[in-house]
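Listed below are the structures to be examined.
Two complexes come next, and they have one chain in common, subunit A, joined by subunit B in the first and subunit C in the second.
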Partner chain A sequence: MKISNILRLMFGYRTSCIGALIILAVSSVAIAADVIAPKHYSDVDIVKKLQPPSWKCIFGTDHYGRDVFSRVVYGTRIALWVGLLVVLVEALVGVGLGLIAGYYGGGLDKVILAITDMTWALPPIVLALGVITLIGPGLTQVVAAIALVSWPPFTRVVRAKMVSLKEREFILAARSIGESSLNIIFRYLLPNIVPSIIVLMTLTLPSAILSTTALSFLGFGAQPPTPDWGAMLSEGAAQLIIAPWIATFPGIFIVITALGFNLLGDGLRDILDPKLKI
Partner chain B sequence: MIRYVLKRIIIGVLVVVAVTILLFLFMQLLPGDPVTMIAGERVPPAKIEEIRRSWGLDKPVYLQYFYWLSHVVVGDLGVSYVTKLPVSLLVFSRIAPTLQLTLTSLVLSFIMGIPIGMVAALKRGEGVDHALTGFITFFYSMPSYWLGLMLMLIFGLYLKILPVSGSFSSQSLILPVATLTLPSVATFARLMRTETLETLGEDFVRTAWAKGLPMRRIIFIHILRNALIPATTMFFLYLPWVVSGAVIVEAVFAYPGMGQLFYKSVLRQDYPVIQSIILIIAVLTVVSNILADLLSAFLDPRIRIGGRRE
Partner chain C sequence: MEHLVEVQDLKKSFLTKGGIFGKSSDVKAVDGVDLYLNKGETLGVVGESGCGKTTLGRLVLRLIKPTSGKINFDEVDITNLSERKLLWLRKRTGMVFQDPSASLNPRMNIRSTLKRPLVVHGIKDKNTIQKRIIEMLEKVGLNEDQLERFPHQISGGQQQRVAIARAIMLNPDLVVLDEPTSSLDVSVQAQILNLLLKLQRDLNLTYLFITHDLVVERHVSDRIVVMYCGKILESADTDELLGNTMHPYTVSLFSSTPIPNPHLKSTNRFIVGGEPPSLIHPPRGCRFHPRCPYAEGKCKKVEPKLVEAAKDHFLACHKFEEIDLLTYVKRFWKLMERLN
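Coming up: the complex of A and B.
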């Protein structure tokens, strides 16, 4: 399928169209953060602390007098960047293992499958916190921890596709003319799996954002004054009674972003790979 | 069937053994010496050596592992670095509140998710489906800690009808359970919608329509029974995930469960407690996975005969 065809289908289908528009809007906010945000995310103005939302300052200010709207806007950058990074690492690990397991089969396949099932069965936040205990807190560490515990869907999907694809005629033909294994994997098999990988990446992005912000919320991720939505929520939680707006707005943005990717992913799945299950 | 059960249990035991080895290595990789951590810095080196010997820490690593394992098996999980209390004392009292929270939430999610997903699938493409799918995707996209804060704000602070934190009455369970339940209702409903749609396309459902069976019979006997199998399996597979979600929810509501203890232990770097809780959750995961497999084999004869259902 050509890219232009996919785009046409994507915008013609209501679910993915709404999702794509939300993602476009959120991405524009991230790109144009310097223009949109009235202040810098770390600008402190202690005189104006804990001001409720008003026309001049639409999301109010926090306990340092920082503009919550500006911080939420800059936070878009971090959320998207971190989410993308997690998903890329997950895909790299998961697809790699899936290709090996599916192509070579046998004992190697069994071992990889066992590790995959075990990792996936164990609860992600608990495992990720275990990893954090080992490597310490910080945004980079959180990315590593989440990616390290949530690659299994990629392995499962890629492996299943490989198993059914490698018996097809065009692969047998490639093998019979003496193509090398690497060539067969990367030139013949992988291109057929790419659509499923893209769908899976879109569908795992929201959970990547939710898990990384969750760890930041617990205090193991981004450190202040980084305008990470999870960290902002945790600061807001402490002021919930006197200044509920600090915790409210970053949360709304998390929901909007996750919703956008979920809708886009659901739509893309219906278009590209209706039978995909995760 | 007995062979199948035995095979699953043996694999389960092997997985638990693998987890204990990983957790033992995890403790070896961590900074700090366990004896100094518990005894304190001011104890003379000779005394430290003596404790070390009495704990078997002068032996080779693999012997240390068996020594540790033999203690774990009888429920001796070591001593907390921070409180100097036995870990078993700290952890075991926390299991019941967490199970109370998670099981209530899981049962509620199951009861609510099944009809929502099924109705959405049966009314596919209609307004009802769009509304329900919208609801599902919305809660599926919601971070539980934020949902918890918002529920606290609305019901605890504005309406003042529910307690905001702690666990002193059954009322204080309502908000944490709701926080944990709403996103997992979405998970169950999502699964049930896909499964029902799939079953709707099966030959035996078409035959049932063609035979002119009444609608109610087709829905409850032919579709529901088949679509329920994955959802029932999911009930058990999802249990460890809900326990994981409880870490966040318990932290938000200061609910005195295992999740909160885990969170605090990670903050304080109380490694023996972290290790023990991960071990307990791993065992719970293995047990719930075995239950899920056995249940689906019991419900779906195709699995007993053929391979695993994908």
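Coming up: the complex of A and C.
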């Protein structure tokens, strides 16, 4: 399928169209953060602390007098960047293991599957917390921790696809012309799995963003004054009664971004691979 | 005549697992087959589905490993060679599959599909590759403007032409054709068959032609081998086998060809009932005896050996001297001729 065809289908299909528009909007905000934000995210103005939303300062200010709107806008960058990074690392680990397990089968397959299922069975946040206590807090560490615990769906999907594709005649045909195993995996099998991987990536991105915000909320992720949405939520939680806007606006953005990726993922799944069920 | 391929007592069984408590059992897909292929001839392998003919084709190309027996290709024993040591065989052989849409990589365009055999076997020069691809396209009757297309963008007949071009890209000696026409339209079938015959003449190819259709075999094969339940029941030159058929199974096989004549009485037909037996527990004695109208005591106990019943006509049947099938055979071909 050509990319232009996929784009046409994507925008012609209501779910994925709404999703794509949301992601487009959120990404533009991230790219143009310096232009959109009226102030820098760490500009402190203690005189104007805890101001409610107004026309001058549309999301209000927090307890240091920082502009919540500017912080939310800059936070978009972190959320998208971290989300993408987590998903890429997850895909790399998960797809690699899935390819090996699916192609070679046998004992190797059993070992990889056992590790996958064990990782999957544990609650990801708890496991990530365990990893963080080992390697220390910080955004990079959070990315590593989350990627390390949430790759199993990739392995499962890739392995399942490999097992069914491997039996198709075009793989036998590839062997009949003398293709090596490596070539069969990367030229024949992988290209047929890529659509499923892309769909899975868009569907896991929101949960990656949510997990990072959760860890930041608990204080393990971005350290102040980084404008991370999760960290902002946790700072705002203390003032939830007297200044609810501090936590509310980052919360809304988290929901919108996650929703955008979910909608796009659902749509892409229908367009690229109607048979894939996750 | 020189033999290109020699197969001796070839056996292949697949292991099936029977659940947690079930016993795992052997499916004997090919169970003791001897055959040879002369250079430049077409050997037809016929039998109904599940008789092991596809497995036999894959074994000859060593795409799968035999359980026991021996395979020689051009006087080299290839039975136990590792994949790496088989690269020369891959260059000298090709395979065409039944369903062209399944045998072409859906994410690879026609140009890359045809390029791969050359690249794999060390031809890297772009001009040489391009020239060879164009030459092959002409040979199989495709246009240059189809090169950038993907398999789903061309018709079934064109897909099969691409698959054939891929198989003969490296000027092989042997091509295994596994029901190359049975998933195509009748009108396209004839075109593909004629193309295959023309290529054989031009490139001096040897064919192992696997099909369930004896009428197709009559058109293309020099010799025919009839398989049933993993074994060979009858083999002879095409004219001898079809004109002087001796095994009841072979007669039933071509007698089941549909004849478009509503007035034809079923008594003119030789049809056996039942179904092909289980490959896990094949019948004792002659494997065809549960379905054979002539079967008696000996057939149920002793497995018949393949013997030379007439000159170059091999047969595995205890009763061929007593039964006369020629009336059926003659009547059938008379009917077919009247149709043509």
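One rule holds for everything that comes next: the second predicted complex is superposed on the first by the 278 of 278 C-alpha atoms of A that agree within 3 Å, B and C clash if a C-alpha of one lies under 4 Å from a C-alpha of the other, contacts with A are read in each partner's own complex, and residues count from 1 in each chain.
Everything below uses one rule, namely that contacts are C-beta pairs under 8 Å (C-beta built on N, C-alpha and C of every residue); 3 or more make two chains touch, one makes a residue touch a chain.
These numbers were taken from a predicted model, which means no experiment stands behind them.
Novice: On subunit A, do subunit B and subunit C fit together or clash when superposed?
Specialist: fit
Novice: So in the superposed three-chain picture, is A:133 touching just subunit B, just subunit C, both, or none of them (first/second/both/neither)?
Specialist: After superposing on A, A:133 lies in contact with subunit B but is clear of subunit C.
Novice: Anyone got the angle at subunit A's C-alpha centre between subunit B and subunit C, nearest 10 degrees?
Specialist: After superposition on chain A, the angle is 90 degrees.
Novice: One more residue to check, A:118. First (subunit B), second (subunit C), both or neither?
Specialist: first
Novice: Applying the touch criterion given at the start, work out whether A:63 contacts subunit B, subunit C, both or neither, answering first, second, both or neither.
Specialist: The answer is neither, since A:63 touches no partner chain.
Novice: For A:49, select first, second, both or neither according to whether it touches subunit B, subunit C, the two together, or no partner.
Specialist: Neither partner.
Novice: In the overlaid three-chain picture, which partner chain does A:187 touch, first (subunit B) or second (subunit C), both, or neither?
Specialist: Touch status of A:187: second partner only.
Novice: Counting residues of subunit A in contact, which comes out ahead: subunit B or subunit C?
Specialist: Comparing subunit B with subunit C, the partner touching more subunit A residues is B.
Novice: Looking at the overlay, what does A:173 touch: subunit B (first), subunit C (second), both, or neither?
Specialist: second
Novice: I'd like to know which partner A:214 touches here: subunit B for first, subunit C for second, both or neither.
Specialist: After superposing on A, A:214 lies in contact with subunit B but is clear of subunit C.
Novice: In whole Å, how close do subunit B and subunit C get at the C-alpha level once superposed?
Specialist: 7
Novice: Using the superposition described at the top, list the residues of subunit A that contact subunit B and also contact subunit C.
Specialist: Correct list for subunit A: none, the interfaces share no residue.
Novice: Taking the touch rule as given, give the residues of subunit A at its contact with subunit B in the complex, in rising order.
Specialist: By the definition above, subunit A touches subunit B via 118, 121-127, 129-130, 132-134, 160, 206, 210, 213-214, 217-220, 230, 233, 236-237, 240-241, 244, 247-248, 250-251, 254-255, 258-259, 262-263, 266, 277.
Novice: Please output the residues of subunit B touching subunit A within their complex, sorted ascending.
Specialist: Checking each residue of subunit B against subunit A gives 15, 18-19, 26, 29-30, 137-138, 140-146, 149-150, 152-153, 157, 194, 237, 240-241, 243-245, 247-248, 251-252, 262-263, 266-267, 269, 271, 274, 277-278, 281-282, 285-286, 289, 310.
Novice: Write out the stretch or stretches of subunit A touching subunit C in their complex.
Specialist: Those in contact with subunit C are residues 168-170, 172-180, 183, 187-188, 191-192.
Novice: Which residues, counting only subunit C, touch subunit A once they are in their complex?
Specialist: Result: residues 58, 61, 63, 86-87, 90-91, 93-95, 97-99, 102-108, 116-117, 120-121, 163, 166-167, 169-170 of subunit C touch subunit A.
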